[in-house]
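What follows is a set of structures to go through.
What follows is chain A paired twice: with chain B in the first complex and chain C in the second.
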Partner chain A sequence: MAGLQELSLDGLSKHYGTVAALDGVSLSIARGEFLTLLGPSGSGKTTMLMAIAGFVTPTGGRILLNGQPIQHLPPDKRNFGMVFQGYALFPHLTVARNIAFPLEVRGMPKSEIDRKVGDALGLVQLGALADRLPRQLSGGQQQRVALARALVFSPHLLLLDEPLSALDRKLRADMQIELKAFHRKVGLTFVYVTHDQDEALSMSDRVAILRDGRLLQLGTPSELYERPATRFVAEFLGRSNFLAGKVEQTSADGFVFRCGSELFVQLGPERKPDVGTAVLVALRPERIRPVEPGSQLVNILDGTIAEFSYLGTAFHLLVDTAVGRLAVTVPTWRHGAPPVIGSKITLGWDADASIRVEQD
Partner chain B sequence: MNDRRSAWLLIAPALLLVGVVYFLPLARVLAISVMEPEPGLGNYALLFTSAPIQRVLLTTLRICVFTTSITLVLAYVVAYVLTHARPTAQRLMMLGVLLPLWMSVLVRAFAWVTLLRRQGLVNNALIGMGAIDEPLALMWNEIGVTIGMVHYMLPLGILPLWAAMRDIDGRVLAASRGLGASATQTFVRVFLPLSLPGVIGAGLLVFIFSLGFFITPAILGGGKTIMVAEYINVQIHESLRWGVGTMIASTLVATIFALMFALSRLVDLRTLFGAK
Partner chain C sequence: MNPTRLTRSVGWAVICFLVLPITIVFPVSLTDKRYLSLPEEGISFKHYVNLFGSAEWLGSIGQSLYIGVVATAISVTAGTLCAIGCWRLSSRAGEAVRAMMLVPIVVPTIVYALGIYRFWVDLRLLDTYTGVILVHAVTGIPYVVVTVSTALAGFDARLEQAARNLGASAFQTLRRVVLPGILPGVVSGAIFAFIHSWDELVIVLFIASRAVFTLPRRIWDGINEHLDPTMAAVATIMIALTAVLLVLDLRMRRRKEG
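Now for the complex of A and B:
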């Protein structure tokens, strides 16, 4: 593989008339990193990938490869590998010719092409299918051909546009593991676009969350999940309860806030609010647990079970409380007997189990 | 069962019409070609022995080949631009393509006469600009016939090509650029092969239509350049050699059926090439 390259975006924008598909996004992608651009449709993630690839001309900002601006280069001069949504294999060429394509257009000698195509076919374990046409392959096989084709010419980095969206659920899970292993094996920088939060969390080194063309938060999957900066991020990655309240008291490492008639304690490294300010606190369902009434836990709340569903590994409860309906996930092994709708339950959570987020 | 019967009932009028006004006369034509002036294949032997008939067939073939080639090149360019135009521009261009189809072929042939004759617009303009001294012979020859025919055939070439090009997945072209192919390489290695079934289909369609063309060659050929349809007309109406006329007509029909068969095979090619 070619020497690893460093890519950064500097205030990248794309306006269509007055609509901003991408609004001043800046970020750096480290060498060899698996970075995922995650967001709902219309968030600008695909526009961003297409701008990096060269199919979309930015209306502002720069794209830098090892410090050199490349935003004016056409796609064929960037030497980036790309796996398209739906793979975009050449329907009139065999698997081997598809993979040979980027080498042929570079004028590489035939013998070298044959050798590299053979290597690439081996890498994705498709040697036996070299002479098939794309339409004779399964989705997973097409996916691997697209990968081999995007990697065979030693690109600076690999761009992937929702490559798993066309596959069924089971295959998608297998391919996630395969892609991640593949990333480790080739050691190339991957920029991966998806709207699937599970994919983003399970595969990425870092995830960039986009919304309305803006970069909301960039971090490792656990940073984003454990410490979401905004309500949107907390909701987009997994499920979350939100407690809206007013700060009653602050201390060195946290604050006490009032939520209706209840008082809760919130500890954490985030910025301390002043007394009297409105705060929003995100609380993951799995961080809440049923406790004995009168427990010594710092945050306690009584409620009534309104709904529950059995998920195999866990029960998912909806509990009506004085601060509204809360979602609670309890591991099956800890719950014992199945919950009863309408029965009383006491919920508790540690002061550092929740996190203050920005309303957005 | 009832469904099937009503289906037959529904298509019966059409079947009857085609049978009575198309297949019956066609069978008559075939019959005459082997019965007149005497039973046997004598008329068909003329294909190999008669110099005038061979000359007409050769002229027809030559004009058809030229017409088809020129039409394909021009239609390809138009279809390409059409495919890549914005929706509004596309609608306007489509109107421009279809408008001539709604005009009488006779009107169009005479329009070309006023343009192409010795004192016509084209010659006068060229002489006025000093480009030429003597008017060019632009009609009453194969050039004139070919010009008129290309004009008529263009929509027939453009529409199938446009349909084929519209089916080409834009992502495949983007993939080609992303994999390092220049715009030219992308066209030659991806777009052109994927549009090839459309080229073959459009080519055969135009060629088949050209073979039987009558009015345009009759007017722009001026009796000097004679194509097969006009020759048949002369045999039936003037020389009254019905045997010869029907023989050539039958040969033409057989040729067209053979080409149609080839065309139907090429529709399969679309899937073979994966263009579908």
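Now for the complex of A and C:
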């Protein structure tokens, strides 16, 4: 296995005429890390992966492997493994010949190829299917062949382009776990592209959120979920309520802001705004809970249940309040009787349950 | 919608018009007379015997095969590379080149032949194998470009990217991944290019005289000079060979779909 490599992007840009598919993205990927590029379609995540793989020539910036610029190397000289969307297995070659392909084009001796292909087939537990053609395999098996083929030549890192998008929901969940375990087993750097938030949160060491060709935020899944930097990130990763208001008062570790007729307290490590500035605060539905009227909780709000849906483990409520309609998720076990539409409810949340985000 | 009696009859009429004139050569080739006619007193294979005993006819068949095979090899190589290049460009430039490649089919053959004649005079290629092979190769390219382009339209471009990513050079990718993927289109193109050369007459009439005497030209001379039924025997063989090639082509396409 080749030593682990460090990849970094330095101001990487790709312009098509006046349109920027990628606009000055800089980030570095640690050795052995599972990094996910997450964004809606057109965010530049695929362009970024294709630039790393060598299929898109950047119009600006550099791609560095262990400090050496590689953006001008052709794809076949980069030694990066890749799992394509739809897998791109060669339809005229058997499973074993597909996996042997990268070794054959490198001119490796036959005996060594056979040994490595055998090892790779064992790694993905497909030894019994070595002589099948790709079209005779299930989606999950095809994916394992694609993985084995991308790893058999000891690449510097592995690129994955929405590899699970062709699978059905159930198989997708299984493959997420399998891929994650696989990453631990081979210890290689994975760069994974997806538009599926759950996939990104459940599998990655770190997630890079992209939008309109720009890197919005990079962090661990929990950092991104708990401390989104912008409204877009908060909305893109899960659901969120937003409270727009004006700062009334500041203290050492937070501030009080006015939202319509209500006053709320917000505590957190983020940079404190000056009194009088407009702020936007994100509040996750599961951080709000129903409380007794007159509760001592610092943030209290009265409302009326407008809609609810039953999700098995939780009720999802929409509550009309003085600051607008809020989404609230309440665990089923906590709620007791099912909610009644039109009934009064008092909501409360801790001062550190919410977070100030940038409007974008 | 069920075909009505009328459309059915028209359909059959068209098929008859297409096929019957071809089938007439079979009985004629078996005539017992010494001129072009239908058999009267009995069936005779003497014209086939005559054909295979004639150095002239056999020589022409050999020449046509030789020219056809070499010209096809050139057409297939050039046409396939051209189609792949256009596919890579996949833009207006590619479309324009593809359209230009069809010119040899669109321009009336006689105009084309006249142009080639003038050109070949200067190049001293008249009445040479090289001259005929070159013309047949060039005029065969469109068939290959069309069939290979069709095959490429159904070829997953990601396979090419996958090959490059796995370390294959551009040439290795072409040979190991792209060509196997479009092989049915390439073989189809080869079959059409060969048939094109095999029965091409007009250009050969212009640029060949004594040294090169292809089979269609031998038939043409035979008709002009003496109405020898051996021609019918030759025509039967030509039709049989063409039919075999077309059936091969059809079976290969079916195998690809199946």
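Here, the second predicted complex is superposed on the first by the 360 of 360 C-alpha atoms of A that agree within 3 Å, B and C clash if a C-alpha of one lies under 4 Å from a C-alpha of the other, contacts with A are read in each partner's own complex, and residues count from 1 in each chain.
We take it that a contact is a pair of C-beta atoms (placed from the backbone, for glycine too) under 8 Å apart; a residue touches a chain by one contact, two chains touch by 3 or more.
Quick caveat, the model's predicted, so the values are computed rather than measured.
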item	value
Fit or clash between chain C and chain B when superposed on chain A	clash
Touched partner set for A:75, first chain B, second chain C, both or neither	both
Touched partner set for A:101, first chain B, second chain C, both or neither	both
Partner chain in contact with A:12 - chain B first, chain C second, else both or neither	neither
First (chain B), second (chain C), both or neither touched by A:86	both
First, second, both or neither for A:134, with chain B first and chain C second	first
Touched partner set for A:153, first chain B, second chain C, both or neither	both
Chain B versus chain C as contact partner of A:37, first or second or both or neither	neither
On chain A, the residue positions that both chain B and chain C contact, one per complex	53-55, 74-76, 79-82, 84-86, 88-92, 101-102, 104-106, 149-150, 153
Residue ranges of chain A touching chain B (in the complex, touch as defined)	53-55, 74-76, 79-82, 84-86, 88-92, 101-102, 104-106, 133-135, 149-150, 153, 159
Chain A - residues contacting chain C, complex	53-55, 74-76, 78-82, 84-86, 88-92, 101-102, 104-106, 149-150, 153
For the chain C and chain A complex, residues of the former touching the latter	156, 158-159, 161-169, 172, 176-177, 180-181
In the complex, chain B residues that touch chain A	169, 171-172, 174-182, 185, 189-190, 193-194, 273-275
